[in-house]
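The following block contains the structure, expressed as structure tokens.
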Amino acid sequence: MTPNRLRLIVSCPDQVGIVAAVSGFLAEQGGSITEASQHCDPVTGQFFMRYEIDAASLPFGSAELRAQFTPIAERFAMQWQVHDASRPRRVVPLVSRMEHCLGDILARWRSGELVMDIPCIISNHEDMRDLVEWHGITFHHVPVDPQNKAKAFARLNELLDAHQAEVVVLARYMQILPPDLCQAYAGRVINIHHSFLPSFVGAKPYQRAFDRGVKLIGATCHYVTDQLDEGPIIEQDVIRVRHDHSVDDLVRLGRDVERTVLSRGLRYHLEDRVLIHANKTVVFA
Amino acid sequence: MTPNRLRLIVSCPDQVGIVAAVSGFLAEQGGSITEASQHCDPVTGQFFMRYEIDAASLPFGSAELRAQFTPIAERFAMQWQVHDASRPRRVVPLVSRMEHCLGDILARWRSGELVMDIPCIISNHEDMRDLVEWHGITFHHVPVDPQNKAKAFARLNELLDAHQAEVVVLARYMQILPPDLCQAYAGRVINIHHSFLPSFVGAKPYQRAFDRGVKLIGATCHYVTDQLDEGPIIEQDVIRVRHDHSVDDLVRLGRDVERTVLSRGLRYHLEDRVLIHANKTVVFA
Amino acid sequence: MTPNRLRLIVSCPDQVGIVAAVSGFLAEQGGSITEASQHCDPVTGQFFMRYEIDAASLPFGSAELRAQFTPIAERFAMQWQVHDASRPRRVVPLVSRMEHCLGDILARWRSGELVMDIPCIISNHEDMRDLVEWHGITFHHVPVDPQNKAKAFARLNELLDAHQAEVVVLARYMQILPPDLCQAYAGRVINIHHSFLPSFVGAKPYQRAFDRGVKLIGATCHYVTDQLDEGPIIEQDVIRVRHDHSVDDLVRLGRDVERTVLSRGLRYHLEDRVLIHANKTVVFA
Amino acid sequence: MTPNRLRLIVSCPDQVGIVAAVSGFLAEQGGSITEASQHCDPVTGQFFMRYEIDAASLPFGSAELRAQFTPIAERFAMQWQVHDASRPRRVVPLVSRMEHCLGDILARWRSGELVMDIPCIISNHEDMRDLVEWHGITFHHVPVDPQNKAKAFARLNELLDAHQAEVVVLARYMQILPPDLCQAYAGRVINIHHSFLPSFVGAKPYQRAFDRGVKLIGATCHYVTDQLDEGPIIEQDVIRVRHDHSVDDLVRLGRDVERTVLSRGLRYHLEDRVLIHANKTVVFA
């Protein structure tokens, strides 16, 4: 049984004294820091910090921590959050007909590797219903009519609301979310794109990788913005391919990269390891 | 001392009986095949083959092998070559001011890992002269005047002719070769581009990789065509980068990938392992 | 729909004329070779060959191919097999309480990536029953009493016989098979060991990797012999670890390597890409 | 021109308040922390910390920093050091007849990637003299007579003293240092072993890797202790090999891994990124 942790996530303009103020405050309360990461971007002068604190070492919980920390946060003009690691985030995967990414997420959820609640899974197809329901998770089928996508996305939005989704995962969903939905969940919609971005933005990346004759193919986990495949990148990886691999081989080999990269990116997000700044990420992996 | 090899390289439309004809011909002559690679592209129906043959097992040398093999080659409409592995190719590196790729090539040449002759090294700067001359290699300084590049490339062409260059290696040369030179040496000019193509074609790829926030950077070794960074890819590789790496760090980390990828690609070329087809390569690595 | 293939697998002492004889025989029958791999071990002088042949290009099936090929095989003292790629091998996974390797194999089986039949899955625990039965596969619980292992392994043997197992996969089974079983299924029992062999043979490899402070951990897929963790290696891979990874982190990171390496090794085996020679393998991947 | 940095390196038993005390002290002096890394080993309860501080932000230099920091260090029972990044360490490579590791170190030294002084290079053979002297570095030939090694190592020791060596790098030196020398330079002798330790400790690791049929080979950079190949590991890496690679191919492929791993490990050491604890390292890479 892992002892509980609180996570303090901070981003602010850099100046002397931030670490001293934060760590001094925590030390006064007896707070034991179990993991500490910090970074200052020399280009923008922005400072980033992530502390994991042994919850049992503090005389109060996350609510009181927030209250007491507020003056420090204001002094340094921080954007900041306190997360209780024991409270699982509510994650809604959207999926189409392919199983590999969803299956990987579900397996890691069952094993406890990904700490989250999955209130439901939404798909524009019925293919994944059995798998989802066998896991005891509600399955919503929301077909997307190409002539009238607005209706589908309104329904999707309703379901996300109803299930109080905190994170949305596009596990090879194959549909482009409308801009208002992207904005409503800014920094909380995670996509897996089946290429090593910025190569092969858009459709059919494996076919295009094959046609170009690249020697490695990849996958990219990123936050969704209203610019297709242009959002902040969380994680990427590649695998070697050869001249005797067909497009189908690329698809097969790529599946392993996609699911690994998506699950890794999702884990970083759920553990509050990803800080977005401009269109880039700081990842305290 | 490695025993000598002859290499038979074949490309032709696929049909039943090619392997039988080639291997049957060799077997009749007592030819011992020490390495055999073949591939049929299911998309284009093109067949590719590379045999290494123990030269001592044949009753004749490469000239007679060519003569005797001609009827078979004609029967199957082959593009084909016979190379004698004991005859080093004449390779001319072009270089600018950066040492890492050239230094790597020279070290592998001295150790015997890259089997080639280097009749001269040509640069638009003087920086590499000492290193080159210490190796006992002729150094030609051919400055490139941005206002009159034609003159420089005419001189370059002359030198390549005079030195009977068979292969030209752009070891971070940083100049774009004119189309006529690209065509004259088609399939024999090898470039290293400091990005994972097709990402970041053109100038300043590390800066652009940094700006995009990619999590891996790479390098690409390819044949030069008159389309910038669009030629057939021979080899690629990548290295992981983090949010706390600056552009200078990317440049530093990238150097290791560039030199490794270029030297690997050059070795494949010198060992006749690369067959070009359309804008792609078959690499019998 | 992939067109059907026959696979001809050959191992014999090297001599001039083998390729000519085999390819000549196939060409006479109009056989179209779709994939060809060969290797000669310069140390032992043993020759290895794997041909995939378009079944539709031959005037006969695998039985007649065997009959007609026999004289050639005898002439060169070949060990050889003909496999019909359309006939799935019967594979029995043995598993204990961990799901990651079994789950991976089942997912690849469902997607068609691993072509095989799974007549049953056998475990010394009940944990995997639900997962297995949801897949419509028979689950056998064969508890292993540490005081009387012989009884369990006799039952195991019976089940393998009854289900006509052709391949046995130890998907983190955590029990050592008795020597007679290893011998009965020599070259057909595939194990995943959770270390980069030959490092950390035996128990608790992740703990020992942690204690030694290695910077990469790995997994090894190998054929089981009666020498623990000493059998021919089919496939290996590694993943980077850091000083701030605990043993539990190593276990978590290692799971991804284990399942990938095991599934890759199993695929190579099922596609007849692995030839055993002495205590090593030739893998025509 | 990089602005100068001071590095504060700390190791002590963990307790609440260390970070607050250190960062508070620095903030009071106006010290700007440009890079911060910390780690607490949950097994041993040991705390590790590395701060890079902008030297220009402090009102004093490294000597005064040491004086003022001493009370804090004593309060927490710290082992600690302050290093001035602008002062290059004095590094003496020992080498035998192989060039690849030494050449790599020299190239990185010339390019400024490795910040160090090289007062001399010592070898038991003459082979590297030309290369070393071309770099303007003193070359000492100290032959090692197998019948009387003590004499050679006494001479070696003298030379290290005379040149005030701070770090000794065994760049494929191929001789085992005597225990007294290991102890005199404990934590400052860096070796490259040409295997992925703990596999293939001792002689001929490539041959043994070949014989075992491993699918990846590696190299290990570690601190030398009087236990052969058992010292704390700094860095490791691997490269994939195939059944058709000979032992010579393994040696060739391994060279690239060796030099990369050694140069990376050496850089970590020179940048004070490596903290030794028990027989393991914390590497703030």
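Per-chain numbering from 1; labels A, B, C and D assigned in written order.
To be clear about the criterion, contacts are C-beta pairs under 8 Å (C-beta built on N, C-alpha and C of every residue); 3 or more make two chains touch, one makes a residue touch a chain.
Not measured: the values here are computed from a predicted model.
A.B. asks: Taking contacts as defined above, which has more of them, A-C or A-B?
C.D. replies: Contact tally favours A-B.
A.B. asks: Counting only C-alpha atoms to place each centre, which chain is farthest from chain C?
C.D. replies: Max centre-to-centre separation from chain C belongs to D.
A.B. asks: Fit chain C to chain D on CA atoms, both being copies of the same sequence, and give the resulting rotation angle in degrees, nearest 5.
C.D. replies: C-alpha superposition angle, chain C on chain D: 180 degrees.
A.B. asks: In whole angstrom, what separates the CA-based centres of chain A and chain B?
C.D. replies: Using C-alpha averages as centres, the distance is 41 Å.
A.B. asks: Once you find the CA centre of chain A and the CA centre of chain C, what distance in Å lies between them?
C.D. replies: Spacing between the chain centres: roughly 36 Å.
A.B. asks: Can you pull out the residues of chain A that are in contact with at least two other chains?
C.D. replies: Answer for chain A, listing residues that touch two or more other chains: 42, 244.
A.B. asks: Touch graph across the chains, line, ring, star, complete or other?
C.D. replies: Graph shape here is complete: every pair of chains touches.
A.B. asks: Using the touch definition up top, name the residues of chain C that touch chain A in the complex.
C.D. replies: My answer: residues 35, 99-100, 103, 107, 110-111, 113, 134, 244, 252, 256, 260.
A.B. asks: Could you please specify the touching residues of chain D with respect to chain C in the complex?
C.D. replies: 39, 41-42, 196-200, 212-216, 218, 232-238, 242-244, 246, 279-283
A.B. asks: Looking at the complex, which residues from chain B come into contact with chain C?
C.D. replies: Those residues of chain B that touch chain C are 16-17, 19-21, 23-24, 26-28, 30-34, 36, 38, 40, 42, 57.
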